[in-house]
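Everything below concerns the one structure shown next.
Order of writing sets the chain letters: A, B and C. Residues in each chain are counted from 1.
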Amino acid sequence: MRMLGRTAANLFWLSRYVERAENMARLLEVGYRMSLTARREGGASEHLVSMLQAAEMDEAFNAKHEVADVATVSHFMLFDEENPSSVRSCLLAARTNARSVRTALTRDVWETINAAWLEFSQIRPRDVTGARLQDVLQWVKQVSNQFRGAMTGTVLRGDGYMFSTIGGYVERADNTARILDMKYYVLLPRATLVGGDVDIQQWTLILRAASAHRSYRHVYHDRYKAANIADYLILRPEMPRSLRFCMIHINRSLDGLSEIYGTRQDCHLAAEEVTAMLVGNTMERIFQHGLHEFLTEFIARNNRVTETLSDSYNFY
Amino acid sequence: MKIEIRHHLRVAIGPDLTRAIEHLLLTPQSGTTQTVDAWSIEMPGFAEAARFKDAYGNVAHLVCQTHPEPELSVLVAGSVETHDTHGVVGKPDGAPVPTLYKRQTALTRSPVTVHGKFRHAERSGQARIPLLHQIMERVGELYRFGLAEDDAPEAEGPSQSQTMGTMTQSQTMGTPARPEGKAEDFAHAFIGAARALDIPARFVTGYLAAEDDRPAVFHAWAEAWDDALGWIGFDAALGLCPAERHVRVAVGLDAATCPPIRTVPATGAPEVLALSVTPA
Amino acid sequence: MCSNGNAVGSAANAAQEYMSDSAPFDEMYNADGSVRDPYLELDAWLKEQPAQALKLMSADAEGLFRRLGITFAVYGSNESTERLIPFDIIPRIISAAEWRRLSKGIEQRVRALNAFLHDIYHRQEILKAGRVPEALILQNSAFCPEMMGLDPAKGIYSHIIGVDIVRVGPNDFYVLEDNVRTPSGVSYMLENREAMLHLAPDLFQRHKVAPVETYAENLRRTLESVAPENRQGAPTIAVLTPGIYNSAYFEHSFLADQMGAQLCEGPDLFVEGGKVYMRTTTGPERVDVIYRRIDDDFIDPLTFRPDSLLGVPGLFDAYRAGNVTLVNAPGTGIADDKAVYTYVPEIIEFYLGEKPLLNNVPTYNCTDEEQRNYVLANIEELVVKEVHGSGGYGMLVGPTSTKAMREEFKRRILARPDNYIVQPTLALSTCPTSVKAGIAPRHVDLRPYVLVGDKIRITPGGLTRVALKKGSLVVNSSQGGGTKDTWVLEE
């Protein structure tokens, strides 16, 4: 049976929203941790604001709140219904998408999403402080892992699986690129090779947001260095949140689609263009070209993948 | 009488649409009162249109466009030979049973002032046709046809948008002027009265050829059922039975069931850019 | 069976005690306390169960249904108020002979109603013959003039029907309502069987129960058989749903899934060149049969309500042009109109030349002065229903009503006599039902599901609804009703 364009779109967005919920939880976790260890007066707020910037939520946040403290920021990122990227909005959108394509999902996938939403909607925002906040963030990440697990373990490797996988990786690549772009200035090569305290803090933020602060050591056997961090999150094919890794999986799924449907489409070209930015490239060349320019272009081209995918397979 | 028709319409369906769809009732059929010699419709998508008979026996077209222009141009042209049958259309094959046309609709429920005086009149057999003429006259007594533009002084009284149903109010308020109606209001009043008397009656759309000081129009009138003769036309707006100047296009329960064009997205009535109905 | 909840006891005593609060026909016990044939095995099984077994099973059922029930409960727009429909673990059992009689009657009714619909939308012979009043049909809002002269594939209008039947005696079945538009609840019938197989597999082993699992396959066959006649090859079937916020969305997706059809919403479909297509990842795909779960008024904004966002513009014209089949056809509602219901026996005789096999409930017409006076004088013994009401709302059950309610309904009947039909209160049969205190008789009805296509297929059994409140005659789930698995025994 051929798949409805809407079903393909729902599957794509289902994974994107789950991934986004996870990314929001990661960012908030980092912001929260850093605010705890802030040594200076006002330092806590500074970290949270910088984290909001990385999530591109600072403007929306400032429009609603005067003070950025743990309570206001975590409420905004977890529960705010008007914030389209809050964990709440993401889980609800994921579930709405899942419900529309219930018959295209396995029971395991559906129950993961459904139970997650039902459980989340039981949480009373005002109870979520301190240790409880960390529990909730951990729980959001677990939901995402469980969702991916259910997808990997129970879903037929047909077109639906491909659309869903692409959605997840497009979102992840976008998220990684945006975090890097928000902090690109602390990653630029400088005369002084040793970073100051502030740099180290920012680097830690970036790495932690990608769950990469420990694995970094396994790959580089070195202290935190700007060039390595950028290399790790952009070019390393083994790093599961790097741009390169995301593109490898997007391409695999697109190849899967062209096999199933027998044709290559505009989206395949669009993904090739993004891939060409990474394969055979080096950080040296990227820095030469300009890191910010590189990331801006990457984000734009990555968006093109979604647009062309929507056109090629009649999403609506 | 040979009649040449040219009807140019513009439908404002709106900008930036992915799709538009229209249901057309703009194709006359040959029958007792007319022979269609040539007929054509030109509009975007018409070549792929589906053509079928609707519930009332009309020829309908379903036309679709993808990414249409904000305005559709519809050009209808043809030539029809009309035959004077004193209004008798007869009993065409394939039409739904006449009893269907006893169903009152929101548009045809006319006030009792129209049919009240005939409530006890004989309506079967030979009595029916005279009765239908009386109903037509009665409608003419109660309402004033708003087509003629020079018939004006009290025109600022009841507005043109009023329907027959609301017009009776002005009478109870003692206004001597007869409320003004459009052709379809006359048809609805006639149909409602006939149906109230248990006589099947239906709504007819079509072209009316120009005459003297009266311009050509896309017109509306009514037909009522007689067991012996079949359908007979009654144009209450003009107070006569259609003869050679009426070209029948479509029939229905009321105006809402057989408009010339229905669209999604919905629009108001199409704008008439040009209309000529010329006896050759 | 006893009020102390002990499932096993002296059978005769228990039966007597069971019957004592039950005057109407009971499907399990005769008046003398003996067990009716179809229930002998169930009776034996119940006696073998250890004291707490039924209690445990009920708890299991609850647990199972809470889990399964997630699927029922979460789909409403307002999730916090969405309730599970309670499931009773004691099955309702119908013998093969009883079922044969019932299904013959149902088939007769369904054939007659389809013949009636064809006639009403063509030559209207039954009106000409004066067997059904003309105005009742022509002026009825459920009559759809747009259907005149349309010839649906195989001449079938209502393909999927749920006939509501009540039983008042061993051989006395009455039809309450013929649901010929979009009967719902078939997913409950299927899920109930799943649950029962899970909870009491040993009880199944002791019976030969006719399967209901064939429903989805039969539905598919039925839909395929009514594809447009000019269509070559295997037809494409779609289920058209109003979307995820509809309360029956679960059933729509369940049925689409079970029969391997595409679950579509209005925007998934479009009409071009008089044909219907769905938007797929590889472009438009022609659709031949649409099982639509959207009301008539909303299926096509071009022909019906222009404000409908749920429907497909041009769908009705495509149907009219013979390029797609709509299941059920628009305008079938005229055949289950409460006022037309009274004439179903006439309709059966007129089209089939047969006597009706199933009874119609005698119905009083309040527009007739004499009948109205009778109704007003005897309202405490009667049931009053709104002509266009459903779901047990807008209804008065005389014997269990208060004086204030009766006065209110008298006032309403006088104000709008044509808006009500009135029937005698039927003594609905009872079935043993698991209640807090043990097992007690509760009133039931039955909705068998009928499929009409290349042939008539009636799923053995159907949905039994049970009024869980003691003495209550209202079985609607919205009024505190539950459901039971319904077993038809094979010989």
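By our rule, a contact is a pair of C-beta atoms (placed from the backbone, for glycine too) under 8 Å apart; a residue touches a chain by one contact, two chains touch by 3 or more.
This structure is a prediction, so every number in the text was calculated from the model and none was measured.
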Central chain of the complex, centres being mean CA coordinates: C
Taking each chain's C-alpha mean as its centre, the one farthest from subunit C: A
Averaged-CA centre spacing for the pair subunit C and subunit B, given as whole angstrom: 44
Rounded Å distance, subunit A centre to subunit B centre (Cα mean): 63
Distance from the mean Cα position of subunit C to that of subunit A, given in whole angstrom: 49
For the subunit A and subunit C complex, residues of the former touching the latter: 1-6, 8, 96, 99-100, 102-103, 111, 114, 118, 159, 261, 313-314, 316
Touching residues on subunit C, where the partner in the complex is subunit A: 70, 74-75, 243-244, 249, 253, 256-257, 260, 262-265, 267-268, 278-283, 285
Complex contact set, residues of subunit C against subunit B: 122-124, 127-128, 134-135, 138-139, 143, 145-150, 270-275, 301-303, 306, 313-314, 317-318, 320-323
Parts of subunit B lying in touch with subunit C, wherever the complex brings them together: 19, 21, 23, 48-57, 60, 62, 64, 66, 94, 96-97, 99-100, 102-104, 253, 257, 262-264, 266
